[in-house]
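Chain IDs A, B and C follow the sequence of writing; residue 1 opens each chain.
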């Protein structure tokens, strides 16, 4: 096990934080190039493979998590309120917004083929989506996913969303023409 | 029919819809398979009798109802979405190409292909939604380390920066303390009291006879729920059919003006075709199944 | 390294707790004899010898801490980083306490929908909130904001906190019904 100074420093810092820490902050504090910090973090991730905890990057920052395998035992300690499950309609609407953001409600409705107003309100209410400005021509409100969305899905960034491509070749071009048909 | 056999295994592998099967002249099999064939260009959508598919679906739902299984809401919803897509698809296929403004777009992609794509798009998001659900479940199995700032370290810190002013602070409180409404399927409409079109017809006749001419808005001013508005609209259509009134609408979506041209008094035959014998439930569903344009 | 199931479970639990956990509690949760838990803990202590964190027993309870050797870098992180600023979680928790005071931790937790133990301790350590007696029936400790909080927010008294918009409980439900009708 090669646990050099930079590894130890990162471990020590991440042990005292209450929210994720970015690679940039770590690099600044440790006065090391960001590449070195990234390499050390990825070393640590593999060093912990066999442990009851993990180091994970979610929403752009790193912190310690309990290992998913130990959820049963950890849940005995965590008395958080059960998070309500999302309905199928909410999940599908969320999926469309995640991949088409920023996107207007009308657009989401057109893709889903049903009125999505109530579902989108629920998603806003649950902190999973938020307003993202106004569409130029139509004046329609646009929506995007929040950082809480990334947290809930355990994603580091939107780039980590599974690719839609295998299902939908050449979608961007199709969308525009589809819109012209549904107008 | 050989096409269908070729795809049978795939559908069974999917195994999620299962229930509803269609029986058409040129196709017989699960609804899901019909979609697959169309999306794979193995069946021409214009050759599918959508009304027949719809009739079969309604029959299927009725059969479920009678068998005591009740409504399969998931299947009904999925059917509606897919049927709407198929209808769009078919419409675009049948309509003259003048409907699309940009000829270059059409040259690029046939309308048919576009709508296949739309169908695929819907299905793709549906599949992706399943992965979302899995990811959320997986994330919930890990818990983050969240520890308090050590008092010794806190003592080292300079003044706290709250970072927001009082107004913004209040807005945060507002947002955080707003009750989180869980996602629910509204069911209020299921228990809506029966609205009787025949009764509403009588009220409409009475109104119009005394006012001669009035706007639809005024006619529905006292309606305390949307079903009353719908019932009165149906009543108007029915009275129009009997030649008792005249519609006037100067601009599209503008005020709808209704003038009474029927008899001044006496009984006007009121249709009860929209109403059903009093049944405990599903009254509004029955009403929706009626086509007022018939 | 022999990292058996009991080791992993202990690691997972201790990684997510803020308060030290006793051997007895661990033994109960894991349904193992206390001797086994003690042996596992002492294994872990030696496994971490080379790391930037430690497992230490303080007042009879076990908890992860940063390694004392790394105190310089940890202090630098606290002073240098964004730590002077309150995190989003801290800000939201503080907002609830400010408008609901005096309030118990359980109540705040219920409103926020997450465990607020660590965040509230941070707020105490930063001098923004303090204890305010005991709730009659439950015996739970109540909390209120401090005069330092008012000072930092630039207010003279709690009366100067902007009023919250009156909440109309039926509005959201009404909206959903209306939405369902326009489908």
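Definition applied: a residue touches a chain if its C-beta (ideal position, glycine included) is under 8 Å from a C-beta of that chain, and two chains touch if they have at least 3 such contacts.
As the structure is a prediction and not an experimental result, all values here were calculated from the model.
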item	value
Most distant chain from chain B by Cα centroid	C
Chain closest to the middle, measuring from C-alpha centroids that were averaged per chain	A
Chain A-chain B separation of Cα centroids, rounded to whole Å	30
Distance between chain centroids, defined by C-alpha means - chain A, chain C (Å)	22
Approximate Å spacing (C-alpha centroids) for the pair chain B, chain C	44
Residue numbers of chain C (touch at least two other chains)	15-16, 64, 74, 78, 89, 113, 115, 118-119, 122, 172, 176, 179-180
Sequence positions of chain B contacting 2 or more other chains	143-150, 153, 178, 180-181, 186
Complex contacts: residues of chain B adjacent to chain C	143-151, 153-154, 156-167, 169-170, 172-174, 176-181, 184, 186, 188-189, 226
Chain C - residues contacting chain B, complex	15-16, 18, 64, 74-75, 78-79, 83-86, 89, 91-92, 94-96, 98-100, 111-113, 115, 117-122, 124-128, 148, 152-155, 160-165, 167, 169, 172-173, 176-177, 179-181
Chain A - residues contacting chain C, complex	1, 3, 7-13, 15-16, 18-19, 21, 25, 28-30, 50-53, 64-67, 69-70, 73-74, 76-81, 83, 114-115, 117-118, 121, 125
Chain B - residues contacting chain A, complex	74, 77, 80-81, 84-85, 88, 92, 99-102, 105, 108-109, 111, 114-115, 117-118, 120-133, 135-136, 138-150, 153, 178, 180-183, 185-186
